[in-house]
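Per-chain residue numbering starts at 1, and chain names A, B, C and D are given in the order in which the chains are listed.
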Amino acid sequence: MSGLIFNLFIFVLASFVGFELISKVPPTLHTPLMSGANAISGITIIGAVVVAGQVDSEFAQIIGFLAIVFATINVVGGFMVTDRMLEMFKKKN
Amino acid sequence: MSGLIFNLFIFVLASFVGFELISKVPPTLHTPLMSGANAISGITIIGAVVVAGQVDSEFAQIIGFLAIVFATINVVGGFMVTDRMLEMFKKKN
Amino acid sequence: MLPDIIQLIYLVATGIFIVGIKRLGSPATARSGNQLAALGMFIGIVITLFDQQIISFEYIIGGIVLGSAIGAFAAKKVEMTSMPEMVAIFNGFGGGASALVAWGEFTRVADPNVLSGQDLVTMGLSILIGSITFTGSFIAFGKLKGFISGNPLTFPGQNFFNAILTIGSLGLVGWLAFDPTNMLVFWILFGIALLLGILTVLPIGGADMPVVISLLNSYSGLAASMAGFVINNNLLIISGALVGAAGLILTNIMCQAMNRSLGNVLFGAFGGDNGGGDGGPAADTDKTVRETTAQDVALQCAYADKVVITPGYGLAVAQAQHVLKEVVDKLEKKGVEVKYGIHPVAGRMPGHMNVLLAEADVPYDQLYDMEQINPEFKSTDVVLIIGANDVVNPAAKTTEGSPIYGMPILDVDEAKRTIVFKRSLSPGFAGIDNALFYEETNQMFFGDAKDSLQALSQALNDV
Amino acid sequence: MLPDIIQLIYLVATGIFIVGIKRLGSPATARSGNQLAALGMFIGIVITLFDQQIISFEYIIGGIVLGSAIGAFAAKKVEMTSMPEMVAIFNGFGGGASALVAWGEFTRVADPNVLSGQDLVTMGLSILIGSITFTGSFIAFGKLKGFISGNPLTFPGQNFFNAILTIGSLGLVGWLAFDPTNMLVFWILFGIALLLGILTVLPIGGADMPVVISLLNSYSGLAASMAGFVINNNLLIISGALVGAAGLILTNIMCQAMNRSLGNVLFGAFGGDNGGGDGGPAADTDKTVRETTAQDVALQCAYADKVVITPGYGLAVAQAQHVLKEVVDKLEKKGVEVKYGIHPVAGRMPGHMNVLLAEADVPYDQLYDMEQINPEFKSTDVVLIIGANDVVNPAAKTTEGSPIYGMPILDVDEAKRTIVFKRSLSPGFAGIDNALFYEETNQMFFGDAKDSLQALSQALNDV
């Protein structure tokens, strides 16, 4: 079985998980959820690390560096901002 | 990446899908759902077909034959019985 | 056909299964969901026939024809009220098939030493789980059918013994992985697994069988998934895992509805016989109950604005669903508003009442969940409690230490009048007395539910 | 470390992400869910550093340090009310990173001919989707911040032109797969993708930006997933797909809450400027409104049994959440029952009001969803409508053809008295007049919401 097929399988299954997870979220949490999901989409940082860490091409490394900077902004900023938002959700004690 | 790892990935992802799908089913449907899921678990018929269809070992083929009979009972009986149950769920017109 | 194309079609079948299961989760789409799942299965089977490994077809065709005939026959003949038994037995066959697949694959390779450790482990697990499912399901079937006593069959130290067997069998799976040519290990593993299925289900009370079946259903999914690891088949792994996870969640939901833990169900040796009423502690004779007659009930109902019906296990025993529907139709014709209030664990399997009433053509939008109906009792004139007991027992709210304490119940005592249809004062499944029977606002209509309802139907003609 | 072990740890990280997202779906667990997701990310990054392909670390460390500094700074400085902008810009960076990863991978291989067709297709898609996300997010940011006009910027045939560009870019992806050494194709694809991001977002009204951001968020997940296909990384594929699907569903939920289709949002050039009140059609001058004063409102509220507060976009504009809380505290001290009724699309982003009120320390169990609060208006004495307009506009029920027709609204008119806090009679987001203002039972309290509430708070001291 080829790698592409494998990738397709996990892509499809993960999409189903994503669909099911979100289908019943109250409006209150839409914005934090959007922001949290956005932070997770920064996972592309892993790809950036792979590109920046190889030594086949210096130019590719520089592109990778830029990709890391971009992705890290997304990840760090995203998680922090979400946390700030959620910190304020307190239950009446 | 080895085949086992691939299998583990799809196993885990599919389990998550299964968990999420069922978490909010009304009690009315528990029995049909149980019965429907049971029919799907007869998917092992695919394995039985593979075992019964090879020609490496006659004995294995006979085991495979038995497996097919068992699995087919599960599949055919399961889907039909579920359908009979669900047929009765009608909306007031 | 290329393996890649087979895989892609498997992926499509996977999607169909998922959508099918999803649709099974809502009354309006459930039937199409089941049909979709069957379609997915069909596609999966057909496409597997194109697998290059498959050379000989006689056994395949023979097996499918024979299996289909048996399955279809059983599915057509079974009565609606025997559904749990039927699901149990089908499930047992499924688990058995998974164990057989692993065994067949093990036998196929002339020299098991060529198998990798991980293949052997999944094989062992598939045999273990499949066999437990097989024998366990048959014991559950026997208990429900009454071939085997519904009482929990226990002996001292049983849980301990079963634990040892479980650990031992896992050890054997490991052993087999290191020493695959040792057929003795293989056979002992097989034997212990079959035994485990019997020994773990015997000590469970007959009335808890639906939960056990749901759990075994989850096992058979897991066994299928393991078989998928053995023959390296995605579709098998995925659908097995789907069903395994779904079954586990469902089991959990069912336990929650009874306010019990899964552990309590499996090891608690709870809930003796399967039918209510025959035996059990005698009712408290100090207190008095008010008896009533068909004529009186007919009058009360006919002049009520709103009547709620809360059925229970007795309705199934008496097979009174059709007469009940008749009574309701007559009441509605008289302009009375009638609703059914269905407790999630009324009867002996989840949705028992729904299936029963559906059989009598009661539209499902007339059936109300506990959460929906509870606020309505305050404005209800008469509640007819047909063969229900535990699900309306106030002890669940008041008596700490009672086996049903904490279980949410139908708040029938908030209605102006309750009328209980049952044969005696004997307790139901949980084996405890019911204070509701002695309430001021309650009346008892003794007798078999079917007879009583027939009399009521008769009496309604004259009102 | 062996690749298999890396994969296993990736699998663990996958599980953590899934549980994290699940926990993000409920208020009580949301924060821990976010933290779990961050943990999953951390594990994923650390473990990737053990990948054998990774040899040089300077760029990695430099990039992470720089990116973290910028991200942390921005996250700390941003005000609560600028959250949507911030999410937009972060999202743009994420999409950009995915495009860069694909580009870097493309550049890395000296001879692109060694890449297989499928690799090239996923690369092309990654660049395409990533770039659209990048520029699109920045336009959305600019619109929200006011750097770019919030009005829909359209030109004739725009949708047609964009459609051509989209099809063209997909064609270029295919071309690149067949002719990977042709750098011209590559650059044109890159350029068109960047342009598409700009052109598809410009025609959308500023107030629809939250929906657009959610959609772009879904795109950036998809772009990450495609980047995962390019470098063959499971974790990337899975988490990208998770976010892609979740974003899509979320976008859909948001559109539904506004009773509009996604197509209408994207191509409808709807919802002009981002702030309500400045401009818009003049109010109908024939009908009369009843004005009121802080003293009068204070009296009415103080002697009410039950007051419901329905905030809207004006609360955010006026930044009046803290004063509002002050007023509510005073009322509660006087024994008045106070609840907040939150319409799902009040404000300019989903949950806008919740975030705002949470900032002022309003506990979330005092906030009621539309479905929960609507049955309560009948028994409510006074409703304070603070800077809300469309979400209480009865035109949604009565005026067919109105842009909000069919949107469920807060049924404030069922209460004994409504008091609207806003600066003028000008319309809100949908640009339509509101018949509620002219109702018998309604009073207007004109002025900036913060000032008005401050006056009310003052007045309450004297009641």
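The definition used in the following text is that a contact is a pair of C-beta atoms (placed from the backbone, for glycine too) under 8 Å apart; a residue touches a chain by one contact, two chains touch by 3 or more.
These numbers come from a predicted model, not from an experiment.
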item: Most widely separated chain from chain B, with each centre as the mean of CA atoms; value: D
item: A-C or B-C - the one linked by more C-beta pairs in contact; value: B-C
item: CA centroid of chain C to CA centroid of chain D, Å; value: 44
item: Centre-of-Cα separation between chain B and chain A, whole angstrom; value: 34
item: CA centroid of chain B to CA centroid of chain C, Å; value: 17
item: Chain A and chain C: spacing of chain centres that average the CA atoms, whole Å; value: 41
item: Touching two or more other chains - residue numbers and ranges from chain A; value: 1, 9-10, 12-14, 16-17, 20-21, 24
item: Of all residues in chain D, the ones touching two or more other chains; value: 14, 18, 22, 234, 238
item: Chain C residues within the chain A interface of the complex; value: 3-4, 7-8, 11, 14-15, 18, 22, 234, 238
item: Touching residues (chain side chain D, partner chain A) in the complex; value: 14, 17-18, 20-22, 24-28, 30-31, 33-35, 37-38, 41, 44-45, 48-49, 51, 53-57, 59-60, 62-64, 66-68, 70-72, 74-76, 78, 80, 83-84, 86-87, 90-91, 93-94, 96-98, 100-101, 103-105, 107-110, 118, 210, 213-214, 217, 220-221, 223-225, 227-250, 253-254, 257, 342, 344-345, 349-352, 354-355, 358-359, 361, 363-367, 369
item: Sites on chain A touched by chain C in the complex; value: 1-2, 5, 8-9, 12-13, 16, 20
item: Partner chain A, residues of chain B touching it in the complex; value: 1, 6, 9-10, 13-14, 16-17, 20-21, 24
item: Residue ranges of chain A touching chain D (in the complex, touch as defined); value: 3-4, 7, 10-12, 14-19, 21-57, 59-93
